[in-house]
């Protein structure tokens, strides 16, 4: 049984940024053919998601829905030091994912035909996010 | 250290379909006594959930709540090619889970007394969904 | 490849209770330096979350937001045997996490600077919750 982990540095803007290629790159580099791939984001105002990568409208609609559900500047929020998008980002991250796992078969992630792996940036502006990819297997 | 993975083909209707038995079957077949079990769904309009399997009212209430929170045919949605339940399904999957992990002890999943593993179908009609179960351990 | 699992017994009140120290304790006890740590909660009315552990206002705001989104005693709910906070707790658990995974490097969880691991208690009153921590690696 072998393992390998690498940290991807992902440049983001508000919304979804696909990282499937970067995750596959770590898997290829590991030489592991059968096993488990874990993706972990080291942040609390950005999150992970596995979703459809065919129609870009899905990504726009996901962002629009979540931003309506968790509005920036909600008067309920008291943690507002970094602006209107600060606390809403933490809530959005809480409602999506910090870690994802994808089994590996024959050297490939077992993603479905339409599935891609995404970082979901919840803050305004440009950011750089660290994502740890860990692969374990044989 | 050993591992085994199998794909379950799950027949679904809108709402929750329990797959605890199928997951246990893969674990039994693996012969693994101590380790980690990963469940992964290869779809973006159906998702996974670990929830109460005692009172069926819990499953009905979960479906009712999520369908009120994320209404079919929300005028916000632009990805509507496959109908009113298309984009709402993607959002519901984003708010629940694509992968789940359950540690294994003495040949059993460490699920709590009332926990079952479910596929949550978000589309109308009948569907067949692929769920990969991966077990790693000794 | 080695593994170890332990069950933490966590005393909770409604809201977030940090368990990062307990998870680290299991990791230290395992002697594992490179690998994967899985955290699993054996309940359906309490959940897990990895979120900011710096400003306590984040935790209060998370609880306030989720309790407004999923109100106790919602007339939609039919599973009400244990009171107004019964079904709302199941929904809140469904919208957050039952399992979390954190890769391990050089004997440490790869948590970001501001990340802590929490049990999120959704029921009123005091409870005791079982959290299984499983570490696998070398």
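Order of writing sets the chain letters: A, B and C. Residues in each chain are counted from 1.
Quick note on the criterion: a contact is a pair of C-beta atoms (placed from the backbone, for glycine too) under 8 Å apart; a residue touches a chain by one contact, two chains touch by 3 or more.
Quick caveat, the model's predicted, so the values are computed rather than measured.
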Inset, instruction - Check the residue numbers that subunit A and subunit B use where they touch, and answer same if over half are used by both copies, otherwise different. - result: different
Inset, instruction - Would you mind reporting the rotation angle for the C-alpha fit of subunit B onto subunit C, rounded to the nearest 5 degrees? - result: 120
Legend entry - Distance from subunit B to subunit A - Cα centre to Cα centre, in angstrom: 19
Inset, instruction - Find every residue in subunit B that makes contact with two or more other chains and list them. - result: 1, 36, 69, 95, 97, 101, 136
Legend entry - Residues on subunit C engaged by subunit B in the complex (per definition of touch): 1, 3, 5, 36, 38, 40, 42-44, 69-70, 74, 76-79, 81, 87, 90-91, 93-95, 97-99, 101, 130, 132, 134, 136
Legend entry - Parts of subunit C lying in touch with subunit A, wherever the complex brings them together: 1, 34-36, 49-52, 55, 57-58, 60-62, 64-66, 68-69, 95-97, 100-103, 105, 110-112, 114-115, 136-138
